[in-house]
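Have a look at this one before I ask anything.
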Amino acid sequence: MKKIAVITSGGDAPGMNACIRAIVNTAWQHDLEVIGFRHGFRGIVEDLNVPLHPDDMRLVSQRGGTFLKSSRFPEFREVDVAKKAAQVLDQHDISALVVIGGDGSFRGAHHLNQYWGGQVIGVPGTIDNDLAGTDVTIGFATAVDTAMDAIDKVRETAEAMARVFIIEVMGRHAGFIGLHAAIAAAAEAMILPELEPQPKLAELADGILQARAAFPDSSYVVILSENLWPGGVHELSKNLSKATGVTCHPCPLGHIQRGGRPNAQDRILAMQLGAAAVDAILSGKTAMMIGLEQEHVVHVPLHLTFERDKPLDARLVQLQLGLQGVNITSKTSK
Amino acid sequence: MKKIAVITSGGDAPGMNACIRAIVNTAWQHDLEVIGFRHGFRGIVEDLNVPLHPDDMRLVSQRGGTFLKSSRFPEFREVDVAKKAAQVLDQHDISALVVIGGDGSFRGAHHLNQYWGGQVIGVPGTIDNDLAGTDVTIGFATAVDTAMDAIDKVRETAEAMARVFIIEVMGRHAGFIGLHAAIAAAAEAMILPELEPQPKLAELADGILQARAAFPDSSYVVILSENLWPGGVHELSKNLSKATGVTCHPCPLGHIQRGGRPNAQDRILAMQLGAAAVDAILSGKTAMMIGLEQEHVVHVPLHLTFERDKPLDARLVQLQLGLQGVNITSKTSK
Amino acid sequence: MKKIAVITSGGDAPGMNACIRAIVNTAWQHDLEVIGFRHGFRGIVEDLNVPLHPDDMRLVSQRGGTFLKSSRFPEFREVDVAKKAAQVLDQHDISALVVIGGDGSFRGAHHLNQYWGGQVIGVPGTIDNDLAGTDVTIGFATAVDTAMDAIDKVRETAEAMARVFIIEVMGRHAGFIGLHAAIAAAAEAMILPELEPQPKLAELADGILQARAAFPDSSYVVILSENLWPGGVHELSKNLSKATGVTCHPCPLGHIQRGGRPNAQDRILAMQLGAAAVDAILSGKTAMMIGLEQEHVVHVPLHLTFERDKPLDARLVQLQLGLQGVNITSKTSK
Amino acid sequence: MKKIAVITSGGDAPGMNACIRAIVNTAWQHDLEVIGFRHGFRGIVEDLNVPLHPDDMRLVSQRGGTFLKSSRFPEFREVDVAKKAAQVLDQHDISALVVIGGDGSFRGAHHLNQYWGGQVIGVPGTIDNDLAGTDVTIGFATAVDTAMDAIDKVRETAEAMARVFIIEVMGRHAGFIGLHAAIAAAAEAMILPELEPQPKLAELADGILQARAAFPDSSYVVILSENLWPGGVHELSKNLSKATGVTCHPCPLGHIQRGGRPNAQDRILAMQLGAAAVDAILSGKTAMMIGLEQEHVVHVPLHLTFERDKPLDARLVQLQLGLQGVNITSKTSK
């Protein structure tokens, strides 16, 4: 019986468990045996293996996080370490490895591919959605829902107290969560790494002042992507408070965005991609990521997923810029 | 100043409010005035008009239901009634009407189009997703999340008590909610109108018995679409209990599936389509539905949305059939 | 080392896992060993034992259901079966048994107490809250939240469509869930087993007609306790539709009310009572239930918990009757 | 017709809307007219009055925040400002004022009472629960649920990545939210203002190291009350990282704790206290807060609510200290 392995790697994302279930169950249908290594690439090197059987997959897809656990493991860039992983995989007679993770994990998978003869298949699992070659990544939809729910909550107290909030969301170096959360939560402004030109402090302050003049009784919510403003949300809030004379409250959403039960979209996506990963193995593919583009499963060479940038959907950016502009100016300019 | 009107019609769906916001704000950007009629087509006929301004749209997109209210209004099929609506619209100098609703509402819109000279634009808003010409409808994603959350809850007590549950979900005459909820909740079986051939009682009973033999300690969940099994979920549960000797508990999810705050996917979809509806009006289109296909906004002649059937995604059906088969048989057949 | 056992019995309730955690961790602090039997009393008789250690309790309190599983086991009323259980407990050298469950389970515990020499301690775990001797039972608060959330969802679609809904909630033969859900969801009417006199059909119909006259645009929600109206919620809806000429939609909430992650109140209650159960064992108590009255832990002879009825809080009944009366009549009578 | 007024004041809290509904509906039953002033005491001074009628209260109790809006208004401490408020109240012929808020608001109410002849009644509404004379305050239960849900989410990613998190919760200068959230989320450690002696850095570091040795694969969660550690959660995380050599991630939950739909407990509490406030007015009381002690409504002189400290429940502190100790040490010391 042929044997395949699976790991979850890098930042965990809601839906990873559903993906593992689909891999294990689909493999089982085709008489493939599956083992997992805990804690990602580190777990391969340290041989933290665990057999995976459909019987144990019945109730995992409902849960957040990853029961296989994950880790960041920069040491894997070293040739010796990758070779050690190859050796462990060979000892277990593994013929294919599925890596569920983001761009760092796919660099690792690509690296391993040079020192190991088995097939390597990537499945995009990251809340940040910053992988080229797929419209969506596992965990992104849930993270957006979580951010939106949190912003909705902040909106309620902001509205009750007529306050300005600067809310920092995750996204590493991409604005996907920020953009989608801003639209969904009907934010008054957004600051994302991809915006050209970046909004200046003076403009942001001006938007606040304009809205305060028009709606003195109301809330005002700015969405800020992490890793973007020097000093982060606290510094921006301080600067905006000073520039406007209105207290701007900082609110970093933090790691709640990585947790939570996956929503339906993420579970279904995860199972589609997991099943497709096994199909790709059966048809002999290697060094490929399984993606979803325009609702179709696609195979993308691994290196293309992290060598290219993935742009935001320009139409969604325009949509939000238009809607938020009206939010601010409707009363004053009419 | 040009004036347009908007109604929500038929069964309400989460996201309708976000759609109205996008219509009002986008119209305002282009100097169009917007009025709403409450309670759908009936509200036009009875002239239940209400002016809509961006200032009132700031906090509506977060909320479920439709603040414009909706209704079913079969009388609208009569020529006189449609003519009366046309007259009211003309009295208000309306040049275009946006109808947010499902197939019944689009039949109404198509009907009105024959007796009224203004532009008629449809936006797909129904939890059932049973409209041809668009991949998704406003409210569908939230309804699937709501159904999934409910099934997850039932799963917990089912698992604690080692019980079989037959869970009935909405969908009118289509299996979209059933299919997506079944995948997301990792159901052991599903009965959808589109399955060919339909699963027979004997097969369903056999699945239950097989799983009980393999996992006597565990839960078993069957998803049933409404309007499908004669006598509904109660009759099916009775029949299955008799056929298997195992008590099968009926659980109709009911109208909770229509409520709830819209999730991010529905809010974003609703705003995209709402903004696109105004764009379509500006470019002179009429008798068209605004849809989303493969992530792109499309315009579809209204009559094509209800004259054709919309099939389930066959790949998702296969995915679930495969995964659920493994859930049931993994232990016994190995 | 002294050894104690724990079971969860009867209908599962959110918070049971947190209670088990508190029992195991508290026992461990006092050098008591703990084993669980799966599936309640049946599991004792069939010796389905499983050792329980704090290491395995770290992440259980967040989850709904009961990982020890439960069951209904009417056979336990037979003397031979109870004696068999006593024998198994003795074989394991168990000196005390904690039973987490409702009144049926406490009858079982009381029965066992007559044929077994060890200590028997009950902890009230049932969503129905129908146990005398304690203000609240584990699972009740979460069930009320779940019912309320569901009613809130139904309210949204009811409001959008100006509909009347009759919503059936759980409670076996007690109106606790019904009363608390009715207040929390601002229902227009409620039908609970404890109301004296029971509202008649004519009165219920009258309330609906009065409200429809005053608020023709609005929703109307009646809460009905299960096992109360002949024919249940479907029959009542049919009768009310006929009596009023207004379609009244039935909506049984069903088993979702037993599932779901426990809320904070239930987790904290569960841990208080679980820890107190171990304290009671250490101080030599037996045939006692651990309850919470006016925020204090109390010990109540087991038989008093099921021999007496537990009344609803009359002040809460009056509160809701007053508030709902105003909901219906404010406009008409002013 | 006698006229009463109501304000929400200070930090908003989930449940305030339900409380307003109960006040308005109960007043209406007794032929009292009700007006609200927006934005708390400031709204009285600026005469931002709005009439309140039961018809508008039908759907408010489901919503978070306060539709009357609130504000902090330190100027109210000045005699002239309080006199101005008295004057406005007299102009409106108000005979009684209900203030829903926390200790700052009750100081304001007490102050007003010296310059105004009407009755002044307080209702405890603050998420912090830091008011003497009542076991619970409106908003506290929801805030604890919100904090717990957030910590549960962080726990999932912490568990997947085997990480240590320091999570900062609200509470102003009291540990109620911290304590209840720590129990409910099964935290490994907590730092609350009331703990005597305060845990030292060395002890905290030691707990982390001990647990990492025993459970190297697992998460570790410390709950920190705000306004307690110099430099806050970021400084504490830095110090602990340094002391242990393990990265400790800071996670301030922030203002999401003030938002959200009120849970059932808060809605029911809010309606009880709101109705009791009107009863107190009718029976001639003044300068009193309506509280709930041991499930009974009580009247407490306003000044006693803010002049005394409210201690944590010592039994709950002991419960959590015991349970968390076992979480950390069970494996190592056995």
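Residue numbering begins at 1 within each chain, and the chains themselves are lettered A, B, C and D in the order written.
In the analysis below, contacts are C-beta pairs under 8 Å (C-beta built on N, C-alpha and C of every residue); 3 or more make two chains touch, one makes a residue touch a chain.
Composition by chain, UniProt nomenclature: A, B, C, D = 6-phosphofructokinase.
Model, not experiment: these values are computed from the prediction.
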> How short can a path of touching chains from chain A (6-phosphofructokinase) to chain C (6-phosphofructokinase) be, counted in steps?
Replying inline: 2
> So which chain is the furthest away from chain A (6-phosphofructokinase), centre to centre on CA atoms?
Replying inline: C
> Roughly how many whole angstrom separate the Cα centroids of chain C (6-phosphofructokinase) and chain D (6-phosphofructokinase)?
Replying inline: 28
>> Using Cα averages as centroids, what's the distance between chain B (6-phosphofructokinase) and chain C (6-phosphofructokinase) in whole Å?
In response: 34
>> Roughly how far is chain B (6-phosphofructokinase) from chain D (6-phosphofructokinase), centre to centre by C-alpha average, rounded to an integer in Å?
In response: 39
> Where in chain A (6-phosphofructokinase) do residues touch two or more other chains at once?
Replying inline: 152, 155, 159
>> Please list each pair of chains that are touching.
In response: A-B, A-D, B-C, C-D
>> Applying the document's contact rule, which stretches of chain D (6-phosphofructokinase) touch chain A (6-phosphofructokinase) when the two form their complex?
In response: 8, 11-12, 38-39, 63-66, 69-72, 146, 150, 152-162, 165, 217, 249, 251-256, 258-260
> Once bound in the complex, which stretches of chain B (6-phosphofructokinase) touch chain A (6-phosphofructokinase)?
Replying inline: 18, 21-22, 25-26, 28-29, 53-55, 57-59, 61-62, 135, 141, 144-145, 148, 152, 155, 159, 180-181, 183-186, 215, 218, 261, 263-265, 267-268, 271-272, 275, 294-295, 297, 313, 315-316, 319, 322-323, 325-327, 330-331
